[in-house]
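Below: a set of structures, written as structure tokens.
Here come two complexes built around subunit A, the first alongside subunit B, the second alongside subunit C.
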Partner chain A sequence: MSKTNRFIGAINILLALALAFSMLAQVSVYAYSSTTEWKGYAVYRDGVSGFNSGLNDHAALMDEPNRTYYKPIIHAPGYSDPVQWDHWDDFMNGKKYLGIFKPKNTTITETVANSFVSKARELRGISYNVLDQIVYSAGSNTWVYPENISQLRCDGVVEYTYEWFGYRVGGPDNKWDITRNLIANYWEHSGFFITPRKQNQELLTKVSSGYPD
Partner chain B sequence: MSKRFSRFILVILISLTTLGCFMFFGMDYFPVVGGIIATNRVNKYVGKPINNVRFDWLNNKYICSLDDGYELSYNLHYNTIYDKRISDEVRDIANRKYLSIQKDFPTNLILPQNIDVWTEINANNYAVKSQKAYILVVYNLEVLSKEQSLEMPAKIAQLFVELMGNGYSFTGIQLIYADKNGMYELSVFSNAFELLKYEYMKENVIKYSKNELPLDYIDWVKQHFD
Partner chain C sequence: MKTKRTLILSGLLVMAIIFANIPVSAYSAMYNNGLSLFSKFFNMTEEDIYKSNLNDSAESLLAEIKALEQELKDDNSKIALVPHAMALIEKKDEFTPEEIILLLQDDETGAILESILIKMYIEKKADSNKLLPLLNDGKLSSDSKDYIVAIGDFSDDSLTDICYKYDNSVTVVAMKKLMTTNVEKAYQFASEILINDTKNVSDAKLWAASLGAGEYFNRFSGDDSEKKIIVEKLKELFSISKNEVVKDKFIYSLAKMNDFDVFKYIISDDKIDTDLKISTIERNVQMLVEKSTSKTSSSELSYIIKAMEIHPILEVGEALQQSLKSRTVPQSEELMATVKHIENNGIKGVFKYEQN
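On to the complex of A and B.
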């Protein structure tokens, strides 16, 4: 074999190796994207003592790609604890599972999912409140920041997180944004105008009846 | 009627009204006495005094945290204890069993990779269990009549219970089933200790309305039947 042929052979091997590496990289990109699968989606279950007010369901946001992760959700578990990361069991509590949901007409990309999770994490430590989705004091701010919020209900965590990024959940036109510091918007998210049950039955899109696995 | 007797009657009436209100609203809360019963049951179970037993209003049960961070809960209505450590262990064992029985289901069924099992125990007899199984979601590629589809969730649940064997006490189940005709949910949720029966499961199957169907089911039907 001539020197030139050997050189061409070496080039071919290098090109083949480069191609193989690029394919591996491609595979790893897909593997990475699959790790965000259910991150940022809302999950619901029933079984809350809600006096048939619509509060009978419980909402949480997926903080991890699936429920097998350690503490995969963020939620407002009730008066015993503030908004926090929690185990899947502490979300389910042996009740009936209602499914995975997302804002209407929304594609939850990796960037969007990470934004939702990042914002939801800022809500950790905020106390629970059963009567209103949100209680805050934002002074003359245009927007309601997490540090302005003193109390949240479980559906308030979902509503605030999605609406902060402009994904409408509930409320009439011009007053739907819970993160806008206006009396009208505050009023529309007080009491039981919006409830966890209304969110999962009317306001959000059901993506799956299965577990976030 | 003496003044003292009138007061006694008044206290009784107020107490009954209060309890009636709690029962009417479906609460498993019993003022003062409920807390004492729950504390006694938990103390007996743990084998030492636990001071932080409190009522969880949202989830309708008494809860407490143990020294190692684990949480116990007590259901006054059904007199059951939920011990996360035991429930988790049983779930893992049940999933191993489930993996081994998957081959015994009809091949046209697409079963979920794993199941969830929630275990509570009788506070008077720890050997007696009350277990709920979550089987989400079973898809069927076979084309059935609408009547046959409606019967499938209970049939699959019955087969599941039989294949899992005598080591389990399934008293509740949530099974979601889907085929060409639609999506169906079998839901039996009771913390009582009565084991699941086929006829009862059959009566508790509902079909999802069109607007209750999730996107993944709609895609699945398009993919397999269009």
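On to the complex of A and C.
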């Protein structure tokens, strides 16, 4: 065997190792499983495309312990669909899964999970708005109740549910609470100040890259 | 010859590595959408896209949003266009109210552009009433119709008219506004619907009526006999409704009345599931604390115990503990066990329903 062939052979071994490693890395994202119950946790998938720089993501909350349950998530799917319980595949919509998330410094106990799930359920039937996380009319109320909300975006469902119970997701120090009926707080949750991508990359804690199994 | 084969193998391995690292969804996205128009925005942040769009003319940005929206077949991916939308909204002064209405009526205007145009129109402080005919427009999306009612500047009379005239989601959105601006008018609509025969009343109207009733009895004690009729009607509607979303709303409205008798019904009825019971406990947490600290009968206490077993709240536990110490509530092992359960599993109550 010539020196050149030995060199190319060595390169091939390295390439084969790289291939195996990269395949393993892909598989690990999908094959991870856990026995933990995921009720009340947020889940995300990517948005426009599968490219790493896909333009934005999509958010949902787990309303069941794992994704094998009937309609295990609640989300605002998009235009023409109000907030609803949905099938896992309809949430994924053939896109890339991003993982399981929770508010920072939070332990989601059974009672906390039940609170999240029952509050999110109160949002069912609310129609979609893409421009702001939330659209509401709360008059002179101090707080924005579910029955005051006219429209929600997918990240608004997650933000409203967590922040109702005092678990901060996004926004500056004294304007973070989306459930507070103040123009300043509304403004901080409008447009792209907070997005599903910012929620999963900066504002929440990633618990797992695995599926909620 | 051997060198050639090993080189081919190297090439194949390199290609395999590249393919292995591109997610499957990327292929489907490329195949299904192409997304060619979006390619220039990859690797740009929302802020970058927004700022770059601010430099475009209103006309070219409008054309770009139309083209991008057509490219995005998938409705729940349209969030990607928010930076474009925000930039166009800033250019609202370059459109007259009449031009905006014409654009809203245009068949080529998609859902996101509709939202942008409605927001522009309202931010221009143009006459909201001129948007009302669009509620009958078959072309406009139902989300856009809701948006018009939600952010438009309408009188209480206009909102009441919408409640009566329509049988879809705008009815509910109009009521959500009306009950905060004029609860008496909201109740007038609610009582008219709920006191009469509801057999042929739409789900949208029933949902709206329940909202008005819940809000009114949350703020006022109202007429006792009328309240009884409405409470019974909402219970009946819950038991017969086939609409799983609207069904829930009847319970939320009942729960909002902060009435202990209604609370007892919800907590003890087997047809009402745990989530709905939890929402009811949460909406009545102040009442539960007060009941737990005052002289409470064994019967009333049994409902509080039942509620705390479903969803333990620390403040209720503390109130019960205090009452046990001062012997203002009947002592029982069950009550002591409940207090322990709350200590171990309870969460802090959210008192937002009490702070208006």
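Please note the rule applied: the second predicted complex is superposed on the first by the 169 of 213 C-alpha atoms of A that agree within 3 Å, B and C clash if a C-alpha of one lies under 4 Å from a C-alpha of the other, contacts with A are read in each partner's own complex, and residues count from 1 in each chain.
As a convention for this text, contacts are C-beta pairs under 8 Å (C-beta built on N, C-alpha and C of every residue); 3 or more make two chains touch, one makes a residue touch a chain.
All figures in this text were calculated on a predicted structure; none of them were measured in a lab.
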{"item": "Contacts of A:Arg121 with subunit B and subunit C, given as first, second, both or neither", "value": "second"}
{"item": "Touching partner for A:Val207 - first (subunit B), second (subunit C), both, neither", "value": "first"}
{"item": "Which superposed partner A:Gly139 touches (first subunit B, second subunit C, both, neither)", "value": "second"}
{"item": "Touched partner set for A:Lys95, first subunit B, second subunit C, both or neither", "value": "both"}
{"item": "Subunit B or subunit C, by number of subunit A residues touched", "value": "C"}
{"item": "Which superposed partner A:Gly47 touches (first subunit B, second subunit C, both, neither)", "value": "both"}
{"item": "First, second, both or neither for A:Ser150, with subunit B first and subunit C second", "value": "second"}
{"item": "Common interface positions of subunit A, toward subunit B and toward subunit C", "value": "47-49, 51, 58, 77-80, 93-96, 130"}
{"item": "Complex contacts: residues of subunit A adjacent to subunit C", "value": "1-2, 4-5, 8-9, 11-12, 15-16, 18-19, 22-23, 26, 46-51, 53, 55-56, 58, 77-82, 84, 93-96, 109-112, 114-115, 117-119, 121-122, 124-125, 127-131, 135-143, 145-151, 153-154, 164-166, 179, 191-192, 195-196"}
{"item": "Of all residues in subunit C, those that touch subunit A in their complex", "value": "2-3, 6-7, 9-10, 13-14, 16-17, 20-30, 33, 35, 38, 41-43, 46-47, 50, 72, 74-83, 85-86, 89, 111-112, 115-116, 119, 141-143, 146-147, 149-151, 169, 172-173, 176-177, 179-181, 207, 211, 214-215, 245-246, 248-249, 252-253, 256, 274-276, 278-279, 282, 311-312, 345-348, 350, 352-353, 355-356"}
{"item": "Touching residues (chain side subunit A, partner subunit B) in the complex", "value": "47-49, 51, 58, 77-80, 89-90, 92-97, 99-100, 130, 205-211, 213"}
{"item": "Of subunit B, residues touching subunit A in the complex", "value": "25-27, 54, 56-60, 63, 71, 82, 84, 87-88, 112-114, 116, 118, 120, 132, 134, 136-137, 174, 176, 178, 183, 185, 187, 189, 191, 212-217"}
